[in-house]
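Following this line, the structures themselves.
Consider the two complexes below, in which chain A is the common component and chain B and chain C are the respective partners.
Right, the complex of A and B next:
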């Protein structure tokens, strides 16, 4: 995130028009004093954007992100965001975001559930065009009959779009992931869109204590001239990109071009690891990795798993935890290592499909150890007792089987 | 800002001749650029991969010769025959998805305004009728409602050409086409009228048969979009392949269709604000001429 050399853009050490000190990202993340604030998730989104030197943001109402995107509008009115508008639909919003990113702007938007799916065609386009747009998905149900309830099913659709996907457990994660997300997504060797995911209502509509960086410090501006692809602003001499647009033809060189570009997007996701690991202190967090029973989860399911582990501790049973912070890149090796001693791996999820369990099953060895569940869906909460019950039921079933067949 | 389009001396020996020609004999930063540069200057569009004699290539050539500030113009296209041409255009241009061109242009224009508050950066959308009127109509209209400051050009060939000649909203009623097996059942969508009612400050409907007229309309549309509000140009670019014409018959087809009473007879709408802006430009030009002769 080297600051743009443009003289109109304040550099590190200078103040922007709001008087915020443009601060080196690592200094902002790790050395700035942090003060506790008691905020809703929506307010946390506003506070992260206040500190992110965002050039352009597009809003469109959909529960549960509507409050957050209107709060970003207030930031625009205060002069913290370069430009802001209400789009006409999520499909158009993501196009407006793309146009601004093509023009070299740092862009922010947020959506949820049906909005994510309506916008869907844009996400692989963003990745393929190497646009480091940040979108916060405040995930909610996508089923019919109509629902606005919390549910993480939409994440399953996002996994192969070519975007970086980070899943926040808490409001604190949300704040940190949003700021650090821009840093990683804009690295020249990464330069991909990033979806920062938080569970709708559970994070957006509840108040939590968040350790905030100072309000008067902000990230350096995005430098579009460090992009691996040309910024569409006519500031670098134009070329006729191709004399013959082979990419739209049916021949071997066309197939090769598309295949290698798809591989490059996936390689760029993997290259984000080296920037992400030091910033997030690893792609996963592990507790009690020597336990026979491990819980692997992402998002607020992690918090519920932590409570379940506490309940087990009271019963004298040692249970471990793997918190997955990044879904893309997927921490395959890290999960393999963290679960190598586990005999039983439970994956609690807030969706009917069990997509995270499927991801884990497809990447670790001895995957018969993976139990996809417990699942809740459609807005149901997941009390830790449900996790305990599911595990105990499974263990009892196993014991019975061993008695019969053993 | 003169001489912005230059070549890095280190690259002179390795860049293709076409690139050197663009820098040396192109018409970037030429205040009086226009179709009269044909034959003496390197054009922004050199070749095309459209069908031989395709009127779209003629329209493209006239437009690229006419845009007032190519050195500060970014274009937005959409999927279709035009997307086969854009890779050969020497201004930055964006293809993203089918039909979202006016949404892209909205974000692009606004972000350029944020990044370059003291400079002019023109944005021009150029897309086919399927992209503009069918799949992208919502975003076309919404950008006009919001008075976004860019020009929308629709290449109207009255069908989906690139996918093989299917019915489109701008197709004439009764026309027999793929997906209109008994003839199109409803009228050609009146987008110029809709554009006027939706907030466009300048609207023109025409063919590409007269380069001088294309030049005048394009210059007006871009300058009005820059200073007043959104502008819309609908240009008939017949798909000779799909209407059963020969390569050399495209020009005549355009001429026939712009005759009095025909659907592409030249019409323009200029809002009072746009008219007073144009009058101001004309007065300024007149004053400059008088100053030059006295």
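Right, the complex of A and C next:
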């Protein structure tokens, strides 16, 4: 696609003002040398943003993302981020992000838990306005009594906002998802906001080994002329729709416009698949798909499941795993196929609601096979020993029932 | 070394529990082992319970979060035991059979009941006056965590002195910001030691002292050494 280029913006092969080489995304992701670094998740966020040619970022403190947003501020001081400001609240932050994105900037921010919910109204607005903003949600508990610890309940609220949602298992995922996320979210046929989700503390405050791309290479700048809707213009959609909303005119045309636009957002999410699959090596990862017992999970629950599978292996029991990388688009067909031989499907989750189990139950056949759990909530850890114990308890219960009922 | 060693560090806010977990994991990473460290704390404040966890192993480690079933429990402050400033009750809850407890004090802090319970689990309890040693060698109780690390390494050989030295250089030898609070604390320490080199050297001396003492103990107690290292 032919695009206009701004001579002030360094193009692929040129260096930016920090001396970083603007690099073709696929080359950056797959061909550039990677070096191991031992970092916390917050530092990983800083390092991904250093390599992402971000124009604008807004910060507002909330644990466990405060360190990350303050580190992005340091990047701004060093000259790696175009502009940086502090917001007045999470609601204001997301509004300010929208303003910058409408004006054609690549935007980054972070929030967590109660901050996500405070900002909430903005997320479907971003999606409807086709703003490819990236937020890292470092999820934490949202409900009273107050907690600052990891709990994934807030993701349930995000599922129908129209955003792309990728759930990182580890610091490595976080680094890769942030860079690749911009690439997918900014495709003209996608052009949607993306939430890169990581579990607070389990990822943000954990020091782990991450394979990093070179510090002196960066993504090409965002090209606002590749947007499927025009940059901010008061007379054409999407801004026209906001200043003069259809809702003010109750007639069939207005309902129809609204409905078809919502469908288009969902279609755009689905269109992101073809860009995402080669970048993430599929929307899911599968291990031991022939096993009778499968664990299906996203985020840190995947890591805990991997350890539980090792414990089962030591006991001579073969257990399989499906790691879900993207929650939107939801890998429906992939999960169906990966679990077709499974007799028991367990969904370990770090929340009280079991929203992931619900998603899976609503998309696969013979869904009586799905067990919502084991669960922990409120910041509790899910030790692999407990996953094993819960599964064994459940299986024993099933066997007893079969004995009683023949 | 065991295939995996899981360490739970319990202390109070401001004692450097989080820093020492990171140092331990960095040391292990320097030696080519797999390591993960993470802290857990409430709203950050001095003297409130703070815990961090280190997992070191020979294969990739996925497990994260609070360590419920540790091999080693480290107590950085007597109040963890005497005032219940711990995330779990008792403070050694979940410890594996044949495990190790390292306590920063030189007086007995356990009840008879607790001692019996731990004996049944074949748990070794090792006392090290880390704060006293820190005051003596580094001139500040802020080096308590170094004393604790030395004892841990000397008893378990999960990491070497060389690995700890490299981790110290990484952590304090260059600019490092974990959070506003940590940065302030780092600055306070740096002023105390006047020079960064002095800080590194004094910290290392503190580690060396408790490491050597712990190594002697481990050699004298071969059954314990078999269980742990």
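In this text, the second predicted complex is superposed on the first by the 386 of 406 C-alpha atoms of A that agree within 3 Å, B and C clash if a C-alpha of one lies under 4 Å from a C-alpha of the other, contacts with A are read in each partner's own complex, and residues count from 1 in each chain.
In this text, a residue touches a chain if its C-beta (ideal position, glycine included) is under 8 Å from a C-beta of that chain, and two chains touch if they have at least 3 such contacts.
Nothing here was measured: the structure is a model prediction, and the numbers come from that model.
Applying the stated contact rule after C-alpha superposition, one finds that A:101 touches chain B and leaves chain C untouched. In the superposed model, A:121 makes contact with chain B only, not with chain C.
In the superposed model, B is the one of chain B and chain C that contacts more residues of chain A.
In the superposition on chain A, A:149 makes contact with chain C only, not with chain B.
Look at A:66: by the touch rule set out above, it reaches chain C but stays clear of chain B. Legend: residue contacts after superposition of the two complexes on their common chain; A:304 is shown touching chain C, with no touch to chain B.
Touch criterion not met for A:138: it reaches neither chain B nor chain C.
In the superposed model, A:207 lies in contact with chain C only, and not with chain B. Only residues 6, 8, 55-56, 58, 82-83, 85, 87-89, 91-93, 95-105, 107, 121-122, 125, 129, 230, 232-234, 237-245, 248 of chain A touch chain B when the two sit together in their complex. Taken in their complex, chain C has these residues touching chain A: 22, 25-26, 29, 34-40, 42-43, 62-69, 177-180.
Note for the complex: chain A touches chain C at residues 38, 40, 42, 63, 66-67, 70-71, 74, 148-150, 170, 201-203, 205-209, 300, 302-304, 306-307, 380-386.
Across the complex, chain A is touched by residues 5-7, 18-19, 22-23, 46-47, 49, 71-74, 76, 83-84, 86-94, 96-97, 100, 103-117, 121, 138-139, 142, 146 of chain B.
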